[in-house]
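Below, subunit A partners subunit B and then partners subunit C, in two separate complexes.
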Partner chain A sequence: MAEEVIKLTKKGGSTLKDKVMEILPEGGNLNLCLTCGACSSGCPATGLHDMDPRKFLRMAALGMDEEIKNSPWIWCCSMCQRCIYVCPMKIDIPQLVFNARKTVPREERPKGILASCDMALRSDTCSAMGTNEEDFQFVVEDVLEEYREAQPEFKDMQAPINKEGAYFFLNQNSREPVTEPDEMVPLWKILHLVGADWTYGTKGWAAENYCMFLADDDAWKHIVEVKAKAVDDLGCKVWLNTE
Partner chain B sequence: MNSDWNKDLKIKFTVQDPCQLVRKSFGDPVAEDLRFVVKSVVGEENFVDMTPNRSNNFCCGGGGGFLQSGYAEERREYGRLKLNQILATGAQYAITPCHNCHAQVHDLAEHYEAPYHTVHLWTLICLSLGVLGPQEREYLGDDLKEVNVADFTSMY
Partner chain C sequence: MTDKPKKALVIGGGIAGLTAAWELAQSQVDVELVEKSPFLGGHSISYCCKATDECVKCGACSVDKMLAQVVSEPRINVTLGAAVAKVDKGGKFTASLDVAPAYIDAEKCDNCGECFQEFRNTGAVVRGYSKNNTPLYAICADAAKDVDAAKLAGVCPKGAINLDAKATKKKINADTVVVATGFTPFDATKKPTYGYGVRDNVITGMELEALIRQKGQVVRPTDLNPPAKTAFIQCVGSRDARLGNLWCSQVCCAYGLRMARKIKYANPEAEVKVFYMDIQSIGKNFPAFYTQCKEELGFVRNIPVDVYPEEEGRMRLSYADEDTGERKDEIFDLLVLSIGITPGEDNAQVAELFSLDQDQDGFLVEKGEGVFLAGTAAGPKNIPASMAQAGFAASEALKYIGVTK
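Our next item is the complex of A and B:
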């Protein structure tokens, strides 16, 4: 039970919910809540910062945009969409969360996500850890060479980089080449054994995209476009992103 | 690829359904594909599903930028649901086919001192194929450090 009476400060005009409804198909069904609570009962974020999905939607419906913007909960929802899956009305609460993130000034959004996005924007590798084209290529070739020598069964194994016309363009999370390069090898072995025609690219190889989580649409779009261009420039047919 | 290596060991495995792969992209059919692969690799009798599962599974808490958000305490509280789900299976290993899931599920085990190990699917596929070398076993427990290790020196 709330201990204090909530005083609504809505002064008319467009609220967060109204704006989000304009951009979502079917308005994200944001006006259809039956308050059944199926969303909240199966949400791992329920209870964090005294919030849950049903309450969040109620607050949006009441125009409590400031309270929503100021709640750290918008960064504790992983937008996993389980609430939509169980909702009898298929209400798109995760999109409401995503758009609530946008109402926070960019520089006030969580530093870790912000820094990861900004780092990715600095080069065409799109690496959130700032790994450049040369370093990525060096690590891949170095690890490959080491394994080809140590494991003769894989002496012909390839980890192609910028191979034009390869069928698969494979992304790689920055963490592997940077902090645990041996973890790349099992995947290479599987691709080798099944005879897959694949390649990495020095541009656009990093799988992660923190600009999406930052809710910075322009930066998110930029990252996706850089990666898609890298795939197209090599003439690859399928873009494999392991994220 | 087969599960003979685990016929006598009977090590139990569960699998995390990545939200991005299952609920948000390809739905239950890909969750079935995932189980087909996992069962082929570890043996059907050694696979224990979590509850709930497939499209109805819970997010681990590694997605949406949570791992980088700075809200570590909240992230681990969120993840207790996943932790308890895994513990309820009694499995010694949680297979995480997604990179974020791997980081989060692994962190949950460390933080809460849970007894399960967290492994990538590719590690187990290579293990069952008999091509997993000794350096590629970072996330395997002592019980699997020396199982089915590829003996590359004797091949040539």
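Our next item is the complex of A and C:
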């Protein structure tokens, strides 16, 4: 509970909430909050930086746009959408968070997310860690060979790369080939056991999209388009993104 | 007046139907009261007295009082286990009823209860809540199929049980109709994260009412011990656009807080927390009562979402703590879901039979033509409001048939 009286600085005019309501179907129901707090009791980011989804929405309703913009909390949200799922009034809090991020100038957005987006924009791999095509292919083939030898029951397991016409095009988060290569294997085993026809691609292989979390629409769109083209170029039917 | 008495048909034997029937009978109108279950009293007959050291005016006792008046009123004829199949209107109303078999002969049964003692665990014999119901017991046909029929028929010292009884049909003529078909309690399994129906110590407010009425105190379903820590979650199934239930059910704050305080009164060591969004403290006495509650109960202005199982049938609730702003976990012995009032599940059929409308939420709306609505069939109400409104419906019906002006 607030110890001090909050002074509202907003002097009329259109607020962040008003602007977001204009672009969302049904205005995202942003005016329907009954302050029940179900969003906050289910949110993994509740309590971080003295904020929670209910408080955030209330601040937006009061036009406290500056305070929202300056709160690191808007960058703590993982966009999991649990708040809207549990909200009895279906209030689109995630979209409000996303649009609050856009009010921060790009160069002032959190360094980790910003640098990851910029790195992904540099090549067609879309890897936020900058892992190139050759390194990805090498790690996959190396790990595959190791498991086929160590586990004879998986001696026929495949991890195809650039297999034209495969049914599934599978993405892979950069973290696994770079820091935890063994973590790729369980999914390969499942795909092997069910007899799935799948492939990785050297282009557009990275699953992550930090540009979305950065709330940079153009960059987000670019990343999606590069990956979609990679899927189409191999003639795959289904794009599996595990993120 | 020497005219033949007018006749009214009252559909539903809950508190609203009982009150309407009684009021009509007081104006020398003959009443046919039709109830689909084997007992009079509806939902509210199972509600408990919520008095602590003083009466808190919940109205639960008035249901049994009204029931007693109705069954001893010669102008009121009660038909139990009956469903309306068809209604014809040509000046007067003619209702065709399908009446379930009377396996227990009301004339012979003296409510001794031996059948219930013997067969209660099988579900073949069920007991009503009010001793003013005759018979106080009923045979549940589905469950009775699984027991020894000869033994069940022979258990009654008065020979009142006849398992060969057949369903019958009945026609009732009436000059006016009062529809008092009530509500359907919200189905708490539609809020699945609370674990209702999965965890035994998650119960609804209605179940707590019946539990207190039967046992005289609050006990956990699993071990029948008084709970040291109880949580109430308010607004379960009400004020929820996701469920399509936008209304406030108007009764849950009152029954929730009254039962919460009863727990505390019976056991001052017990801890009770109420999770709420806002308290609808409507009514003359309720604001003062709420003030007392704030001194004795914990209030958390946050609706929890997740309920996790803990050892010994306990539950852990996660919520955002208002004082610290942080997420907090707390373990409870008993979780009570304050479920709301939803439109009667048969409302579409009832509307069709009696030429009524339904509002956007599904509650019934009068269209005139001699059919009047009483109680929660028309929308959420507590017991006193249902009785008051049933009295109004009866007075409108009396005007319609020309008994009063």
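Assorted remarks:
Here, the second predicted complex is superposed on the first by the 229 of 243 C-alpha atoms of A that agree within 3 Å, B and C clash if a C-alpha of one lies under 4 Å from a C-alpha of the other, contacts with A are read in each partner's own complex, and residues count from 1 in each chain.
Operating definition for what follows: contacts are C-beta pairs under 8 Å (C-beta built on N, C-alpha and C of every residue); 3 or more make two chains touch, one makes a residue touch a chain.
For clarity, every value in this text was computed on a predicted model and none was experimentally measured.
Residue contacts after overlaying the shared chain place A:Ile161 against neither subunit B nor subunit C. When the two structures are aligned on the shared chain, A:Met89 is found in touch with subunit C, with no touch to subunit B.
Residue contacts after overlaying the shared chain place A:Leu240 against neither subunit B nor subunit C. Look at A:Leu34: by the touch rule set out above, it reaches subunit C but stays clear of subunit B. Legend: residue contacts after superposition of the two complexes on their common chain; A:Gly42 is shown touching both subunit B and subunit C. Contacts of A:Cys80 after superposition: subunit B is touched, whereas subunit C is not reached. Counted by residues of subunit A touched, the larger count belongs to B, out of subunit B and subunit C.
Comparing the two interfaces of subunit A, the one with subunit B and the one with subunit C have residues 42, 47, 86 in common.
Remark: subunit A residues 42, 44-45, 47-49, 72, 75-82, 85-86, 110-113, 116, 147, 150-154, 173, 175, 180, 182-183, 185-187, 189-190, 193, 207, 210, 212-214, 242-243 touch subunit B in the complex. Within the complex formed with subunit A, the subunit B residues making contact are 19-20, 23-24, 55-59, 61-66, 68-71, 74-75, 77-82, 98-100, 103, 120, 122-123, 125-126, 129, 131-133, 135-136, 138, 150, 152-153, 155-156. Every residue of subunit A that touches subunit C in the complex is listed here, in rising order: 1, 29, 32, 34-38, 40-43, 46-47, 50-52, 54-55, 86-90.
Interface residues of subunit C facing subunit A in the complex, by the touch rule stated above, are 193, 235, 239-243, 277-278, 301-306, 318-320, 322-327.
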